[in-house]
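Each of the next two complexes has chain A plus one other chain: chain B in the first, chain C in the second.
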Partner chain A sequence: MQAEMRKQMLRTWRVGLLFGLALAAAPAHAFIAYVSNEKSNTVSVIDTDSWTVTKTIKVGQRPRGIDFTRDGKFVMVAVGDDDTIQMIDAKTQTVVDSLPSGPDPELFAQDAAGKVLYVANENDNTVTVIDLEKRARLGDIQVGVEPEGMTISPDGKTLINTSETTNMAHFIDTSSRQIVANVLVDARPRFAEFKHDASELWVSSEIGGTVSIIDPAKHEVTGKINFEIPGLRKEAIQPVGIGMTRDDKTAFIALGPANRIAVVDTASRKVTKYLLVGQRVWHMAFTPDEKFLLTTNGVSNDVSVIDVAAQKVIKTIQVGELPWGITIAP
Partner chain B sequence: MIRWLVGLIGLGVAATSALAAAPVMIGVGYLGIAGSRSTLSLVEQPAENDGVAGARLAIEDNNTTGKFLNQRFALEERRIKEGEDAVQAATDLAARNGFIIADLPADALLKVADALRERGTLLFNAGAIDERLREADCRANVIHTAPTRAMLADALGQYLVWKQWKRWLLVVGSHDEDKLFADALRRTATRFGAKIVQERSFEDKGGARRTDSGVTLIQRQMPVFTQQAPAYDVLVAADESEVFGAYLPYRTWDPRPVAGSAGLVPRSWDAAQDQWGAIQMQNRFVKLNARRMTALDMQAWTAVRMIGEATSRTNSGDIKKVTDFIKGPEFSVAAFKGTKLTLRDWNLQLRQPILLVDGRMVVSVSPQEGFLHQVSELDTLGYDRPESKCKLK
Partner chain C sequence: MTVRVLAMAALMLAAAGTAARAADPRYPDWPCTQAKVPEISLAAVWAGPSLDDVQNKWKDDAKVSALVAKLSARKTPLEEAEKLVKEFLAGSAADKTANAKLLFAGLFDTLNAQRSQVMSGLERVSRKQREAADKIREESVQLQALQGATPRDEAKVEALSNELIWKTRIFEDRHKVVRFVCEVPTTIDQRLFALGRVIQQEME
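So, the complex of A and B:
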C-alpha cells in the first residue's frame, strides 16, 4: 500500500516536472509582430511563439512606418508612394481602410489616448495632424527639410519631429501646434525616442554617426554617443532605430550598414556590447514582456530576434524584401 | 479703451521683437558662362540654368533651416559672355557676397581666386574637373565640389575591374580635355590592374551635330572605325567634347559594351539616383525647376548646402568663421550618397561616392567593395594625399 502510494507520488512528481519543463520552454505569451517590407509592398506577420511568418499581407506602395492603434485593433502602415496610411484589421489581417495623410508619409506618432496621429511628410516639409476616430485631417505644421523621426513626450505635451536635411529636432507644443524649440543635432536625424521617465530625448543621426542626448526641459544637447567598431570604417556606422527598456537602463541602437545593434548603458552613456544582426539594420520593437527585441534587417531581408536579458541574437526569420519597420501587438 | 491700449502695447512689443531679431543675411554669388555647349544627344542638352538651378534649391533648403536660426540666404547670379572679364564680374559679386559658386574654366577660375584672395571671399568650384586645380595650381580659397577626372576614371575603372572587364579598347578624342580624360583612364588602368589593349584616336573634323539623315551615316562609320581590334572586353571612350562617344554604343564591330564618355558613365549625380533618401530632393528639384537634376546642379547644390551647414553649426554668418569651420576637421555634409561627405584637407577637394549611370538607371556606385583604404574608402578615388603636389596658399 505504502509502496503503491510512493509510486503514485513519484509519477505525479514526474508528470509535474515534465509539465513544468514544458512551461519553461514555451514563452509565457505568444505575440504577433508586423513587419513592413519596403520593396515587396507587403507586411509580414510573425508569430513569436513559433518564430515563423504566418501571413504576408499585400499593402500599398513603399510601406515604411508601422504601428498598432492604442486599442490594438488595427495596424497602421505608411505607404509613402501611395500618399496614405493604410489600416490593417488585426483580426482579419487585411487592409480595411486608409487615412488622409499628406504626401509621402514615412513615420508617425500617436498621442497616449490614441486619438490624434502626427505624420511626417517627407516631400513637403510638414507634419500632418489626423483625427484617428473621424479619420480626418486636422491641420499641418511647417517644419524643417525632410521631416522624418516622430515621437511624443510621455506627458503628451510635446511632439518631437526630426528633419533630415535641416538637421534639427523640432519641439512642437501639441495643444497650440506651434514649434517651441529647435535643437541642432548631427547630420540626417532619423529617429527620436524619449526615456520613459521623460528625463532625456535620444536622437539618432544616420550620416553624422552619433546619437544626441537632449535635455527636453532645457532644449540642449547634454551628450553624444559615438560608436567605434574595430575593423569597420566610420562611414559604415549609421545609427537609425532606438529601443529603450522600460526601466530606462539599457538602450539598443540599430547601426544600419554596420550590421550591428549597439547596447548602451544609459547611466554611463557607454556602449557595452555590439550584437551582430542582419545587414543594414533599421528599426526594432520589443515584445510587450520585454523578453525579446526584434530588428528589421533591410539588405539581408530578415528579422533578428535578440534575447534582451542575455543580450544575444537567438534567431533569424526571413521576411519580404527590404524590411523597414516593425510593431508588435500590445 | 483699456483693451485698445493693451492692443497697442502688444503691437509695440511685437514690433520691437521683430526689430531685435533682424535675420543674419548670407549672400551667395553664382558665376557662370552664358550659353551652353552642344551635346550629341538631344536629351542631354544642358538647360540654360544648369548648375544655378541646384544652387537655388539649396538656398531654399538653407532658408527652411534658416528660419529656425534667424538666418537668411540670398542668391545673386552672374553669367559672363565670351570675352567678358571673369575677374571683374567676380569682384563685383564679391562686393555683396562672401561666398561665390563658380562654374568657370580652370584658367578663369584661377584668375578669380587670385584676385579675391585678399578680400577673403570663399570660392566653390562646382564645374571644373581639372586635376591641376587640386594639384600644382591648388588654392587655399577654392573648395571643389566637382569631382576630378581621376576620381571619375577611378570610379569607372573599379567597377570594370570588379566586373572582370579588364581588357580595354581606349578611343580618345582630339581635343585637350579628351586627352586629359584619357590620361586619367590610363592611370586608372595601371592602378587597378586593367590592360589597355589598344588606343585609337578619333579626329574631330568638325561638322554638325544635328543632321536629317545622321543615323544612316553613323551606322556605317562606327563599325568600320572599331573593326580589327585586338581581343577586348569593353570599349572605353574619352570624348568630353561630345564628338563621337554617344555614337559608339550598339555600333561597335565586335559586340562589346561601351563606357567612359558614353554607355556606362561616371558622374557625381544623376536624375535616376533615388537611393538614400534622394527621391525627396529629386522631387523638390523638379517642383522648383520643372526639369530633372544634373551632376552640375548637384555640385552647385552641395556647395550652397556646405555654406548652410557651416552657418547653422557655427550659428554665424561671418565669412571667416564659416570658412574656418568648412575647412576644419569637424565638417561634413550629407548629400544623399549614403555616406557623409568631407573635405580632403590637403587640397580642399570634396570626397564623394561616384555614380555609374547609363542614362536611365544608376548601375553602380563607387568605391566598389574590396577597394580598401586606411583612412577613407572614398580616397581610393583620385589622387591620394601621398601623391598630391598641392601646397595650399
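So, the complex of A and C:
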C-alpha cells in the first residue's frame, strides 16, 4: 500500500516536474510547514499552495519546539513530557529517531552549519549540547533557572539563553561553553532573535509586556518596545515569538492573548500596525521566499497566514489542539 | 470496607486541597485550572470599526437578534454558524457594515453573558464542594473515633461508613463534571473569536 502510494507520488512528481519545465512561469513554489500541537500530541503538515493540512503525525507527549534540520531532511520536535527530541523524516512524514536531550526539553537552536544542537531543558536548569550528525550528547551547560528562549548568533559564536526566573538573557560562548555575560530584561523573557546582520538581539518578555533590544557586543539594553492596544488591559499583551525579515527592516511580534501580531519598523523601533490573527498567538515562521508569515494560535487552534508585503491576514487554517511552534521546509 | 472509605475520603480531600491551592487569590471560589478571565474585552476579539453607535440596537432588529440566538447556541456547529454569518452579510448589500456591526455587538453581549452564567455556576458548585469536603472530613474523624472505641458499636460504624461512601461518590462525580464544565468558557471564547473574525473578513 505504502509502496504503491510512494510510486504514485513519484509519478505525480515527475509529471509535475515536466509541467514545471514546460511552463517557465510556473505558479509560486509550494512549501511545507510543520506545526507542533502541544495538547493533541501531534504535528500538522500544511501545504502552502492549497493552504490545507495534508497530514497529521502522531508524536510524543507535549510537542513544543520544532525546527527543520538545515539539509531539510528531518523535522526535529521537542516532546517535553517524553524527555526527548523526536526526528520526523520529511519524506515519509513519520517519526524515525530521537535525540538525547535532558528532562523536559522545550526549545532548541542549531548552529549555522546544522551540526550542533543546543536544547533548553526546562526542568533541570541546563542546556544540552547534541552532535546532530552522530545524534549523540556532547555535554551540558549550566544556565539560569528554567531556561526558555534559545538562539544562536549569526556567526555561531554566541548562544543566547533566556531564563524565566532570573529574567536575564545569558550570553554563552559556544567554544568554551561558559556564560560570558548576563543582561537583565523585563519579567519572564520568552524568546530571543538576532537581526540577520547581528547588530541587535531582540528579547521578548511575556509578563513585562516588552521587547528589549540589546547591543550584543556591549551586552547592554539600548531600547525597549512597548505595546498599546486601546481597550486591552496591559496584562493581556504578552510578547512571545519574534520574526524578522531578511533585510532586518521589519519585525513581527506575537502578542499572545492580545490575539495580535505587532508589526515593528526596526529603524524607528515603533509599532506601525497591529494585525488581529488568532487567539493566543505564540510563534511564527516565514516561507523561504518571505512572501508569507505563518503564526500559531494556541486557543483558536489554528494557523494564520499573513501576506508579508501587504501586512494583511489572508487565511486561517485549523490544526490540532494548542498549536505552539512552526517550521517551514528550507 | 471502612479502610476503603477512609482511603477514598483522604484521596478526595487531597483533591479538594489542590483545588484550593490552584485558586487565584482574587477568585477564591474559582475551581478551574484555567485562569479566570471575568469578561472578554472587546479589543481582544474585534479590530473592526467602533461599536459605540450600535450599543443595544441589535435587540431591536428582529432578523439580527434571531440570528444572534442561533449563532450563540452551542448546539449550532461552528462551521454552520460561520456559513450563516457569510450568507447573512452577503445578502445585506448596502447595509453590510451596519449589519456586521449589529451582529457582532449582539454576539459579544450574548456570548459574554452566557460565559458569565457558566462561570458563576462553577463558583456556586465550588462552594458546595467545599462544604461537602468539610462535612466528609468531620465524619471521617468521627468514624475513626467510633472504630477505636471499646466496645465497638458495629451498627454505628457500618451506618457512618455507608454514608461516607455516598458522600464521597457524589463529591467525586461533581468534581468530574466541574472539570468538564471548566472547558466551557474557553469554548465560548473560541466561538466569539471565530465568528468575529468571519464578520471582519466579510466586511473587508
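As a working rule, the second predicted complex is superposed on the first by the 303 of 330 C-alpha atoms of A that agree within 3 Å, B and C clash if a C-alpha of one lies under 4 Å from a C-alpha of the other, contacts with A are read in each partner's own complex, and residues count from 1 in each chain.
Rule of thumb we're sticking to: a contact is a pair of C-beta atoms (placed from the backbone, for glycine too) under 8 Å apart; a residue touches a chain by one contact, two chains touch by 3 or more.
Note that the coordinates shown come from a computational prediction; the quantities given were computed from them, not determined experimentally.
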Partners on chain A (chain B, chain C) - clash or fit: clash
Partner chain(s) touched by A:Glu122 [first = chain B, second = chain C, both, neither]: first
Comparison of chain B and chain C by chain A residues contacted: B
Contacts of A:Glu133 with chain B and chain C, given as first, second, both or neither: neither
Partner chain(s) touched by A:Val299 [first = chain B, second = chain C, both, neither]: second
Touching partner for A:Arg233 - first (chain B), second (chain C), both, neither: both
First, second, both or neither for A:Asp247, with chain B first and chain C second: neither
Partner chain in contact with A:Asn167 - chain B first, chain C second, else both or neither: first
Touching partner for A:Tyr274 - first (chain B), second (chain C), both, neither: second
Where chain A meets both chain C and chain B, residue numbers: 233
Chain C - residues contacting chain A, complex: 41-47, 186, 189-190, 193-194, 197, 200
Chain A residues touching chain C - in the complex, by the definition given at the top: 229-233, 236, 257-260, 274, 276, 278-279, 299-301, 316
Residue ranges of chain B in contact with chain A within the complex: 61, 64-65, 68-69, 277, 280-281, 283-284, 305, 309, 312-313, 332-334, 339-340, 376-378
Residue ranges of chain A in contact with chain B within the complex: 104, 122-123, 125, 144-146, 163-168, 170, 179, 182, 184, 187-188, 207-209, 233, 235
